[in-house]
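Structure incoming, see below.
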Amino acid sequence: MAAFNFILSESARNLIRNRGSFLLSTIVQAICLLLFSLFVLITINIFRFIGGAQRRIEVYAFLYDKADSTSLMENIRLLRGVADVRYVSKEEALAELKEELKETTSLVEVLGKNPLPASFRIQLEPGSRTLEELERIEEKISILPGIREVWSGKEIIRRLAKAVRLVIGIDIALLVIVAISIVFISFQTVESTILLRSREIEIMRLVGASESTVRSPFLLEGLVQGFAGGIIASLLVTAFYQITAVQTQIIVFPYLTLFVTNIVFGCILGLIGSNIALTRILK
Amino acid sequence: MIEFSDVSKIYGNFWAALSDINIKIDQGEFVFVTGPTGAGKTTLLRLIYRDELPTKGIVKVFGHNLTTLRKKIIPELRRQIGIVFQDFKLLYERTAYENLEFSLRVIGIPKSVIKKKISDTMERLGIGHKSDSYPFELSGGEQQKVSLARALIKDPLILLADEPTGNIDPDGAAEILNIFREINYTGTTVIMATHNTKLAKSSRKRCIALDKGNLISDGSI
Amino acid sequence: MIEFSDVSKIYGNFWAALSDINIKIDQGEFVFVTGPTGAGKTTLLRLIYRDELPTKGIVKVFGHNLTTLRKKIIPELRRQIGIVFQDFKLLYERTAYENLEFSLRVIGIPKSVIKKKISDTMERLGIGHKSDSYPFELSGGEQQKVSLARALIKDPLILLADEPTGNIDPDGAAEILNIFREINYTGTTVIMATHNTKLAKSSRKRCIALDKGNLISDGSI
Amino acid sequence: MAAFNFILSESARNLIRNRGSFLLSTIVQAICLLLFSLFVLITINIFRFIGGAQRRIEVYAFLYDKADSTSLMENIRLLRGVADVRYVSKEEALAELKEELKETTSLVEVLGKNPLPASFRIQLEPGSRTLEELERIEEKISILPGIREVWSGKEIIRRLAKAVRLVIGIDIALLVIVAISIVFISFQTVESTILLRSREIEIMRLVGASESTVRSPFLLEGLVQGFAGGIIASLLVTAFYQITAVQTQIIVFPYLTLFVTNIVFGCILGLIGSNIALTRILK
């Protein structure tokens, strides 16, 4: 197409003429994308934390001092949903406590006798880390002879499930808001360019320009803007990565994925926005 | 080549800018369209380059019925038609040269081949020394000549000129009429709208006279 | 009232649009400015309403030297001058009526008193039925008449008309000239630029002829 | 001025015609102001916390079991910079520890004898809560006979001073950034309105409009935009207030001040921005 060069130079002309509002819109788009990236980041890390917490769920079964730990352990191990059972003796329990209370060593040392009970630490199979399963298993164990008390993290499970629902909800809402914002911003910028150039468009058409020649510069403008917004967001994410993840190494940071996603996302939404502007104004 | 059959154009449901026009213009003709202000001259031209559609009747150009012409074909139609607009329609932010360049590049003609063509056309109209001037730096007549150059430069099959001498002195107008005659000799159909009845008369060409949207005479006068 | 002393206007350092012009126009005069395209007619008018400053020499209007006139006074000067622009300068996004209204309200005339004035002026020019039309809905001549109405409506002390009949047919032009004569009788100074030498001649008024920026004759012809 | 009505209707016309970019710019301005408000909020609360922490600074002087607490107390009380001295006996110290270790009551109960020393809790006068003063007083006390050890929150003071400097630095930086952004955005919007209306402006001037009639609608546009941005930011702050402060009642929230500040700030910066645009474009 011989007009390709022409379209490119026209687009450049547009951008230079509108550089102020182009800059403004690009920055806003970048901020939107950055916001989204940060939230994706938070989500990923929350899920990782939740996964870790679920994996660490244990049921504690405390024994009477005289209970027959070996046969009890066998019984528990046979229960459906139980992955592993570990016996913690009275002495081990005390050692654990000492460990936990590090700062008050002197207190622990003056203890005359050991008041702590022996216990089983019961780990569950992945499929059984739900509220209903936990209640079933807890009940089964508590009626066994020699078991003084059963304690499980039911409350934790309940809260985790709630957290997951909340995070997913916020994520979807934010995705929609960010997407709409970016489309709106592209639409807005391209629309005002079209209005500013409406005379030029009229004349182009009158001298015989094809529809694609008329439209391409505007589509390109939306694309470039989305792309620029994506690049800026990606650079900010990179800066953030350098500051946080590299130094602290606590959080998961799928940094390259975010980089690419921002740009692709920006381009697509930019195109959609300018397309809407074109179909709305240029009948 | 251009055929109006029972064409009426009514703006806004009641203002009849043209009523029941029947005309036929053959390839290579030279036709004046005359009439006072508001007679419908510009409207007639706009129907030919499909800027407006007739409210009633059929307009045929190059054998196409413009009412049913597919939208994608319109640009191709317009590439064959050179138009001098009554209000010039120059791009304010481009120089005279760039205005001509724009109109050629927009239809896909590469930059390399158009330079000479532009300077030739501008010289011919006596505005070669103004090629780097922006429209606001040009006098009314000079702007009109740039608009004229833009229509001529693409060697159109049809030239539509709407009041092309309104801002040009009598001598200049005669010169432009000569240029029109020249390109008419090479086979281009020329249709010129003007309120300057005297100019039209003196040229002894076919003259379509309009008044208040009605065709009141058609033929040489 | 208007006085040019050795006035030159050079655009972009080398293009002399006007060279050493000396003229004096008294209150109540009716003056034509004629000349071919690019002669400097529009430039002359622009110097009077201080749209441009002379490169050399002095332009005096109402006794003010425009070169040294304080910027704050310019609006007051322009309120006394009605201008018909060669390119009309209508606001595209307002109807004919709103264009007139705008020009009055901008100089502080309240909405209540202008309604009748506008419709009277439009009737007088024969465009009363077009008051709700936007410029793009008007023919070239009708737009020119709106521009004319805008200049007349403020009862100016000086009327500057730049090619005010370029888009209007001979009969219409004669009518407009009559209107100019009428307001000239009431004391308004009228200066009309035109390339229509015949029209100027037939009116037996003072005629300032320009060519390539030079004053080639001044007086009735 | 008869043109006042006219200026108002022209401004309204401008706003309606540019409503898209007006909306966009207003939202961005609101976000800037909101950001600023939140930071002011954080600052206020950090300062309150720092103030509280400073007020709570105490020097602990631990005594040998046989020390003469009454005369020691007299001596310490006479030191320059000391506001108050409180004696905490061995028993009181144990009671305090019991209180702090709430969850492990059983452990404390089984303690045979009391291993905790008696101590003085020394409060300082406001002017002496600095690093140098603290060191001086600490030294003076530590050489008194019967004092086993002196502990003061030197490190805390050092950190607090650092935090204060940091917060003030960030605050000023943010204030400058937000102010520049808002001015830039107003400038941008008004500039593009002026460009869009340049023909109208030219015609206004040619028919004799005074400079103030030409300029006022644009100044008004900047003002309205700043005002709108301020209002939106204030509403968001209010929403935030309802969610956080009212429910939790932990943080200080000078909510009305923020509300007014946002609006005033928005208006002033909006006016400055449009003024810059006017002087830059309309010579």
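When the chains are written out, they are named A, B, C and D in that same order, and each has its own residue count from 1.
Here is the rule we go by: a residue touches a chain if its C-beta (ideal position, glycine included) is under 8 Å from a C-beta of that chain, and two chains touch if they have at least 3 such contacts.
None of these values were measured; they are calculated from a predicted model.
Novice: Hop distance check: chain B to chain C, minimum number of steps through touching chains?
Specialist: 1
Novice: At what distance in angstrom does the C-alpha mean of chain D lie from that of chain C?
Specialist: 63
Novice: Which whole number of Å gives the spacing of the CA centres of chain B and chain D?
Specialist: Distance between chain centres: 70 Å.
Novice: Between chain A and chain D, what is the separation of their C-alpha centroids in Å?
Specialist: Those two chain centres are 30 Å apart.
Novice: Touch graph across the chains, line, ring, star, complete or other?
Specialist: Per interface graph, the chains form a ring.
Novice: Using the touch rule from the top of the page, what pairs of chains touch, sorted by label?
Specialist: A-B, A-D, B-C, C-D
Novice: Could you please specify the touching residues of chain D with respect to chain C in the complex?
Specialist: 1-3, 5-6, 199-200, 202-211, 213
Novice: Where on chain C is chain D touching in the complex?
Specialist: It comes out as residues 49, 51, 71-72, 75-79, 81, 83, 85, 89, 91-92, 102-103, 105-111, 150, 154.
Novice: Of all residues in chain A, which touch chain D in the complex?
Specialist: 18, 20-21, 23-25, 28, 31, 101, 104, 106-108, 110-112, 115, 184-185, 188, 191-192, 195-196
Novice: Give every residue of chain C touching chain B within the complex, in rising order.
Specialist: 11-12, 35-38, 41-42, 86-87, 137, 139-142, 145, 162-163, 166-172, 195-198
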